[in-house]
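Next up, some structures in structure tokens.
Both complexes shown next keep chain A, but they swap its partner, so chain B is in the first and chain C is in the second.
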Partner chain A sequence: MPPGSWRAFAPARHAALGFSEHAAPSLVFVLTGVVLGPELLDVLSVNLLAQFDPAVSVTLAVLGIFVGSGLSAAASHGRVTFWWVTGATLQGLITFGTVAAAMYLLLHQWGLPLPVDPLTGAAVLGLCSTVSAAVRETGSGTASNAARIADFDDLLLVALGAFAVAWLAGWSSLVVVVGLTLVAGVVIAVAGAALLAFSGTAPERSVFVTGTVFLLGGAAAYTGTSPLVSGCVAGLLWARMQRSVTALVDSDLKKLQHPLVVILLIIAGASIQFTYQLLWLAAPLVLFRLTGKLIGSLVTARLFGLPAGLLATYLAPPGLLGIALALNIQQVLSTGDTLLVSAVTASTVAAELLALVLVIFQPLALSSVEAA
Partner chain B sequence: MTLFARSRAAVRGGAFLAIVGLMVVLQRAVPADAISEYRTTGLALGFALVAATLVGNLADTFRLPRLSGYLIFGLACGPYVANLLTPVMARQLQLVNGLAITLIALVAGLEINIVRMRRRLGPMMAFGSVTILSVFVGLLTLFVIAWPWLPIAPDATGLQRLALPVVLTTLVVSFSPTVTIAVMAESRARGPLSELVLTVVILADLALILFFTLAMQFARSVSGVVPADDISLLTRLFWEVAGSLAYGTLLGSLFALYLRLIGREITVVLLALCVLVTGTSALLHFEALLVALAAGLAVENIAPFQGDALHDAVERGALPLLVVFFVAAGANLNLHALAELGWLALALSGLRLVGLWLGACAGRRVARLDTSETAAAWTGLVAQAGVTFGLAGIVATEFRDWGMKVQTLVVAIGALNVLIGPMLFRAALVQAGEIGRLDSASPVPTESSVRVPNG
Partner chain C sequence: MSRETRLLLATITVSAVVLVALSRFRFPERPAIVAASAPPLELLAARATYDELSGVVATVESRISPSLVVLRLAPNIPDEPRTLSDVLGSGTSDAAVNHVPGLRIGDTTAIAAVDGDARFFALPGDPSGIIPQRLATDSVRRLSLLHVSPDPGSRLRSTTLGELRTPTYVVVVEGTRAGLSYRPLFVGGGDRFLDPRWESPLLAVGAVALASPGSLIFSLEGQFLGSVVVEEGTLAIAEAREVVATADRLSALGSHGPFDAGISVQSLTTQLAAALGVDHGVLIAEVHPAGPVADVLQSLDVITTLNGRPVDSVDEFLLRLARRIPESDVTLTVIRDGGNLTLSLGQSPDAEPPGSVPLGGLDVTAQPGSGTRVVSVASGSAGATAGLRAGDVIRRAGHVSQPTPAQLAAIVQTLAPDAYLALTIDRAGSQRILAFGAIGGPADADAPR
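Moving on to the complex of A and B:
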């Protein structure tokens, strides 16, 4: 292993546990939520948690904006981006298929009391498992390509998540309602950008950004679809507008992002119900997700000429979008049974810990192989 | 009008119409009553923030307070008029009320420097006391005389004939420190008039707690609901006032310590402090407004924070809360009550205004605050809002027969006063030249502008 090769793994290692400079330390906040939640101190009671529903929608919209703007920024690379997206979607679909199929078999066999039927439950768990943590890796080397594939697997979750949420909300004409959310996203994004371009003071600008994000999250929540979609549309549009508008949105959104993500993680932690079913659901979920990601890495790495081990270290840390989508689905299900969101949250934390172990030992293994 | 200003007006108008149009389309596609409560909250908050800010800007161009724009927007889009903000949404918007009141009181506390104000505190308190007592006595006399003609409980006899007017007077006299402080915060006002009004509304809030507790106890005793218990009453009052101040000082000191030692993510920590104050005050039976005020006072007077970070954080956190607070106030204004008792409410509101003006004249004379800037101090006492409506709700819950009628009348009067109060007070601030002085580098006018009595 040449000197400096360790650097290639640094971003993946930082992404694990969310302890990167751009993400919240998820483990800490999830545990805070567990302590404050109804299972322990009950400071965040069930009724109080329900009042935080708008915060979940708004956080999803903000995360969607970042997905959209990231995609828009990458689109400047043209054909290369297409391949990244294809690779990310392929490994995401493999993970989705692996987790959903395996979980369906288990759920069907065990007959666990889920708030939805076993097929839907397995599909939801599979979808929430597809996403990997975002990695800030610039440049054009092998590590950078692997990082891009990890970054773009959000798109699959956003697209499928939109239909999943609308379907679970009870909509019969899914295309119409997702279309309505897309149109709402476009209208709000254009109006918001126009207001920002002519905003006066910094507090006024801050109100417009906050209001626009609430509208994006609120409109999707109102129609019973995923705010990730309306946010993603807005992110795509804003990234292509005047540079001044993009910069303003970006700077104000970053101030909103941190507290919102913290709230989301605390809510996720507080929503965990500790039952035997949770253990039976979360443990296999971690295992199946890791299996799915490893298979996905093998296939994708072969197609794109990347080292499979390297790609796997980037794909292993699960990130926050899975938890966000699980909370979104919990909202539309409107049930007190939080087994699904509990399983996704617990498995995300466990998978992050596992990913940390992987990214620490994987370079050591590589170097020992090279030395031998 | 410059080309930029014209373009800006056109863009803002277009954006406003687009967002209102979107709300109409969404509500046609998905009826609001078909979905769960909390799914409407985000949309209501976003709509209120963006559209009401634009209406507030429009109000500003007509030299009206932005707050009036937010209120009028809430009223026009609320359940009683356009119903773009449905009853459920209007109720959901009130979720931020506690937070807004706390932040506004915290801002007020941060503006009060006791050392700077020490010499003027006596005259200010004298002015406030005389004004409040004058209005109270004047209106109470009027209500006692006119009681048989008021549509509340004309057949009341004996001590009830006095107790009921006392409760009504307390509610009609009550002020809204929140609205008044919000007008000052929004206008970035500073000067003798602002300082006088700030002191008086805080004093009035303390007096209101005292008056209301005593009036309710009196009404209970004559109605035979609960026997009067002087010891528990005094204990409760002491706990509510002194406890609030002590608790607020403790929280403020901890916040000041955080600012000194860490000083990061101030907006988030400030909002968390407001959530803590709002949540725990209700649990501990403290007055959230007093707790937040004491916290602000502690930060400003015990460990003042140097630099702009706190100022920026307050400004960043306050504006969205102010917008939503006033939209919620407008959307929840009970226009049915106003329609039912319109003329009576108008008459009583007019009498209250006259009473305030006369009371303030007497107060200025007694306190010898006879400068031109303080002549319009009574305008800062006109607005009524959440506290008044909340107390009226308590009366209605406890005395269902006549309490409901008192509530309807008080809500009708309050609806008028919350609309005209901010306009009158802002006009007075403009007249006194205090608008925007908080941002300017000019030193705060002190002894020279408020004459302090010798000895």
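Moving on to the complex of A and C:
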């Protein structure tokens, strides 16, 4: 390994382990959840897990806020252009199409029992596979550009996830429902900002921020819509407000983010049901997600003049939002069969490990970095 | 083509091959795997669960026990007066004695799964010594409204009705010689089935799960959920609201036997269906000219629905018709001469058995030189409650010796609602005295002590 190449891949390696700035060490906490969950120690029993539903909604709202504020901040600094978002969306769509098509073919042929029909199941699995781990890469080199493409594939998941959640929640007019979700996000965000503007002390401000986030998550959970979208809208709005307000919200939200993400991962781990269906579903999901990301890397890299191998190392590590969306969908399905969450969580863990191997032993990537 | 492109294409090719290979499989139908032994932590958790369940049952017991009463009855014990040989005979064997829980409906009334002419006895050790009396009986559902000892502490009306949602744990209450027995019972997601005796579907339960028909079922919150019945050999739970509705109906109407429409019905065979041009229903074979529906139905009518529900078998039709209460209407969809008719049976003119109104359900005839002979006794009637049987000869009614049927009717009609008439009867050469109460159900609630 040439000197300096390890350092060049440090962000991608961190993402693979889940130790990025926006992501908790997912592998550790998911495994903790598995150990504490009903399948092993049963400390987190099924009944107890059901009590954590509000925490999932609130976490989704917080993650949505960070997606929105990140998008807004990047745009305001001129580092995000239409083309980077386009690239991220393109590779996300390729991954989505690859995984969904392959899984639909398999589910249709297998006759594997699912809590939803095979087409919906394949679409959900494809959607949860699109997201890559967020990596904070400063600078303007090739690696930085690849990292931005990996960062902005969250938007596709947030957008399509809103429709998926509304569809599975039983809403008939999806466009109207998603529109209402956006309006709800705006109203709650404006109300929260107005409260923050009049808050005098730090504890007072923290209460307002926490209350607003709980309201975002709770309203979405009550109406059967996506808290990610509400949060994303609120994040965009707050980021566009006065810098003082944005900074205050960011500092308070970061205090909330890590505990909530930890809870989310532990819940996801505890929700895993070790069944034959899981084995059948998770193994091909890992393979076809990787295939989709590699195809997406190849196509996107050609369009944007990036080394495909380098881009693949950034896109391969899966992100937490896939698990978050799977939990959100599990909530609206209201079924005891957690096969979809189990498959997404297990495949995320497996894909993290696979991505780590890819980062360490990917000779193409190393040569690409050297060339860059 | 660059090296990385070749590698990516190779990955895609491998994925496609794997996809094709995997798609050739079918997911196997695997039987549920039952663990040979539970892990220690699971056993500890189970122990805690059982302890918790015991505590819940104890709480429910204290809550619902004022609403319950245990009844001791025996269908085979010979009438009093009895001798030692009667007591030591087979008629008093333990198997002949039955204990049934009753659900208090009012201060002195209870509903219980008691059928036929079973005789009640005071509970051993019961300081009140009050013998329950049958006030009215629904012979279709085999439920009786009973007069029981008053309990100032009873608060049955405060017992709320619940709906049985499975799978769940319930508290089953059974009658024993020592009183009432409470125990938890798991009711799985058993199938529900329709029985013509009941309006709502019954929940089938395993035969091993429940000890005896007539047991009462309560939720872990103390709500009354239903009563255990046996229909066509299947143990099932009848819904609470139907049991209570039956009790209310018996309170309001008194005894009423099954409605006999005076018709003969037969199944619709394939040949008959083809001949009549119908595809389902039951066929009216004969209508008794003096029957209550003689002016409504006629032979060769095919009944397809009863009160909106399809009719599929003869037994079901007759039972559903028999369940009809006196003041209710019955709507039938009838196919007659190829056309559809909707007919209403209206109120039955002979809902009460003949002769039962003036003489408490007795059909009597004069027996010159002796008095009045009982020809038949309607089940659940005042005469049956008093212990009269067909063949009994009433030799004295109050102070009137050798009463004629007309004298007897006059005496009974002047009897006050809470009064009793001493009847001296001759049964198979043995003379005994019975207390004959006023006619009707709720009015004669106070039994002689």
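The rule we apply is simple: the second predicted complex is superposed on the first by the 349 of 372 C-alpha atoms of A that agree within 3 Å, B and C clash if a C-alpha of one lies under 4 Å from a C-alpha of the other, contacts with A are read in each partner's own complex, and residues count from 1 in each chain.
Going forward, a residue touches a chain if its C-beta (ideal position, glycine included) is under 8 Å from a C-beta of that chain, and two chains touch if they have at least 3 such contacts.
As the structure is a prediction and not an experimental result, all values here were calculated from the model.
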{"item": "Partners on chain A (chain B, chain C) - clash or fit", "value": "fit"}
{"item": "From chain A, separation angle of chain B and chain C (C-alpha centres, steps of 10 degrees)", "value": "60"}
{"item": "Contacts of A:Gly224 with chain B and chain C, given as first, second, both or neither", "value": "first"}
{"item": "Touching partner for A:Trp280 - first (chain B), second (chain C), both, neither", "value": "second"}
{"item": "Partner with the higher number of touched chain A residues, chain C or chain B", "value": "B"}
{"item": "Which of chain B and chain C A:Leu119 touches, first, second, both or neither", "value": "neither"}
{"item": "Touching partner for A:Val357 - first (chain B), second (chain C), both, neither", "value": "neither"}
{"item": "Contacts of A:Leu294 with chain B and chain C, given as first, second, both or neither", "value": "second"}
{"item": "Touched partner set for A:Val46, first chain B, second chain C, both or neither", "value": "neither"}
{"item": "Which of chain B and chain C A:Leu303 touches, first, second, both or neither", "value": "neither"}
{"item": "First, second, both or neither for A:Ile188, with chain B first and chain C second", "value": "first"}
{"item": "Overlay on shared chain A, then closest C-alpha pair between chain B and chain C (Å)", "value": "6"}
{"item": "Chain B - residues contacting chain A, complex", "value": "7-8, 11-12, 14-15, 18-19, 21-22, 26, 29-30, 35-36, 38-50, 53-54, 95, 265, 267-268, 271, 315-316, 318-320, 323"}
{"item": "Footprint of chain C on chain A - complex, ascending", "value": "41-42, 102, 105-106, 109-113, 276-277, 280, 284, 287-288, 290-291, 294-295, 297-298, 307-309, 312, 364, 368"}
{"item": "Interfacial residue positions of chain C with respect to chain A in the complex", "value": "3-5, 7-8, 11-12, 15, 18-19, 22-28, 30, 41-42, 45"}
{"item": "For the chain A and chain B complex, residues of the former touching the latter", "value": "50-51, 53-54, 57-58, 180, 184, 187-188, 190-192, 194-195, 197-198, 202-204, 206-208, 210-219, 221-224, 255, 258-259, 331, 334"}
